[in-house]
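Shared chain: chain A. Partners: chain B in the first complex, chain C in the second.
And then the complex of A and B:
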């Protein structure tokens, strides 16, 4: 059960995505960099050079370590790279949403919410 | 037993309504995001050579102007609280725990800083003063996605998780009730079988004594 202490300070959206996805969302004003010396960003731009360990570490940081993030957005094709982590994530806060990217349209088969639906109906 | 079945049916009905809402929101988000990517591509295409509206222009001191607020409502299901996510524009000048302490204001600072300019934190300014129209259009669509669709999706997803929990509990309860009913029936059958056998034993004893 969610207590008020779990969510009252969660005020930022975080995003893990390709450059265009992150740029689009930052244009809406969700980007935030904390004060130095930490200077923690609430976004990660993933390109071909980014390895899975980095994505996983940032995912862990956004979902577990930081207590100021309310919603985590992740491109679906990037979520596929750390699928084991995404599918086993069950915490209420932050909420996790998979979003489509420019080169990878949304695939309902891979969506973790719709996977839960199939599990409920015994498929 | 019948009431449990009815409960499960009601919960599943609610779940399917939420699923319908979720798929509609997903479709709307897909359309909106396609528009954002299309506009970004148009902006990059029309930009001067070598300019790409992206990572290189991000402000390293950016402050969020749109923030999440989470409220919780109690549900009819016994699983407790369901969060409701909303995103709204906030004043980034307002002090947050993570923001650095401002320096002592001087007279010239006060003259310059008041009133605060709302455009100061506009992410469009990272890309210059005269930003292309497609980029502005992309921003409008992104704001709609962030303020309307994404918090709604998060809320519906949380509500679905809550109903899933309630359905699982109700199914467990029904399975327990069925098991208890079956056990009771078996005991009753055993008792019925024992009664005629005792009567037969008594009658056979009577014959022997005669």
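And then the complex of A and C:
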């Protein structure tokens, strides 16, 4: 189980998504850029030109390297592109949340957590 | 014998059999309780996750609609401008622990920091109202997402806890072990019973034999005696007659004079 120290500093949300999702969430005020020398953003805009390696690297950065992120939001259609990474991610912190995007409606069948839920009930 | 199987080191006595039976009962009761508890918890959590996910779908739809409104009102894509002007998070989360029947589950709580607004300039020219509304909508959406994240984290941690408990507990270790021990004790006791029975049988057989020998001896003696008497004529009869003297038949007693 996660220890106290593991999550008390986690105060930001991070987002990997298409431009509209990121813009909306930034408008809500979740955007954060760390102090200048290595100013790291907590959001990544993914479009058709972004390759999977970049997404994976950022996903890795958000989930394992950075210790100040409590929730990672990722558009479901982007999660599909790195599905193997999303499915093998089982840690409790940061919480990984698949969210719908404007162009891609939410499909509960693909959600890694809901799949785990179903597996738990043996369906 | 079940000595090869995994069992506890006990002496095979009736007392330890009783102890083991009590232990097995305890383990089974504990296990079923635990199972019921974990089932109830997961059912509760999954139902809430399901609800929250559905709510998220609706909320995100409304939010993206309001963003489209903004794009229309501002008359261009504001995405780039917003991404560039993001500096410090206004919307943050903190984690707390919640105790759900003995399991510590973390929950996220969202809060707004006061006084920093990265997007003061956004929509200054036109569409300011829409931008404001969009921000509020998205803030509500993010709140729903945070709530969902708490539930999800709770589920993940609960899942782990349940797995650990299942691994450690009864079902796979204690119950079979205790059952093996009971089997072992029973087999040992049966063995002792059989030995005891055999011993008793032996004793009974020996007694029977001894009795038969004694009977035969006595019978032999009696027969010998009878044969001897037959050979010696009637001495025994005389002996019998002169045996106890007849008090009444005896000569008269002298008178007693005072």
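Keep in mind that, in the parts below, the second predicted complex is superposed on the first by the 123 of 123 C-alpha atoms of A that agree within 3 Å, B and C clash if a C-alpha of one lies under 4 Å from a C-alpha of the other, contacts with A are read in each partner's own complex, and residues count from 1 in each chain.
Methods note: a residue touches a chain if its C-beta (ideal position, glycine included) is under 8 Å from a C-beta of that chain, and two chains touch if they have at least 3 such contacts.
Here the structure is a predicted model, which means the values were calculated and not measured.
Following the overlay on chain A, a clash is recorded for the pair chain B and chain C. When the two structures are aligned on the shared chain, A:45 is found in touch with chain B and with chain C.
When the shared chain is aligned, chain B comes close enough to touch A:35, but chain C does not. Under the contact criterion defined above, the residues of chain A that touch both chain B in one complex and chain C in the other are 1-2, 4, 7-8, 10-13, 19-33, 42, 45, 70-71, 73, 92-93, 95, 97, 99-102, 105-106, 108, 111, 113, 116-117, 120.
On the chain C side of its complex with chain A, the touching residues are 42, 46, 49-50, 53, 56-57, 60-61, 63-64, 67-68, 77-79, 82-83, 86-95, 97, 104, 106, 108, 112, 118-119, 122, 131, 134-135, 138-139, 141-142, 145-146, 148-150, 152-153, 155-157, 159-161.
Chain contact summary for the complex, chain A toward chain B: residues 1-2, 4, 7-8, 10-13, 19-36, 39, 42, 45, 68, 70-71, 73, 92-93, 95, 97, 99-102, 105-106, 108, 111, 113, 116-117, 120. Interface of chain B with chain A (complex): residues 15, 19, 22-23, 26, 29-30, 33, 36-37, 40-41, 53-55, 58-70, 72, 79-81, 83, 85, 87, 89, 96, 98-100, 121-124, 135, 138-139, 141-143, 145-147, 150-151, 153-154, 157-158, 160-161, 164, 167-168.
For chain A in complex with chain C, the touching residues are 1-2, 4, 7-8, 10-13, 19-33, 41-43, 45, 70-71, 73, 90-93, 95-97, 99-102, 105-106, 108, 111, 113-114, 116-117, 120-121.
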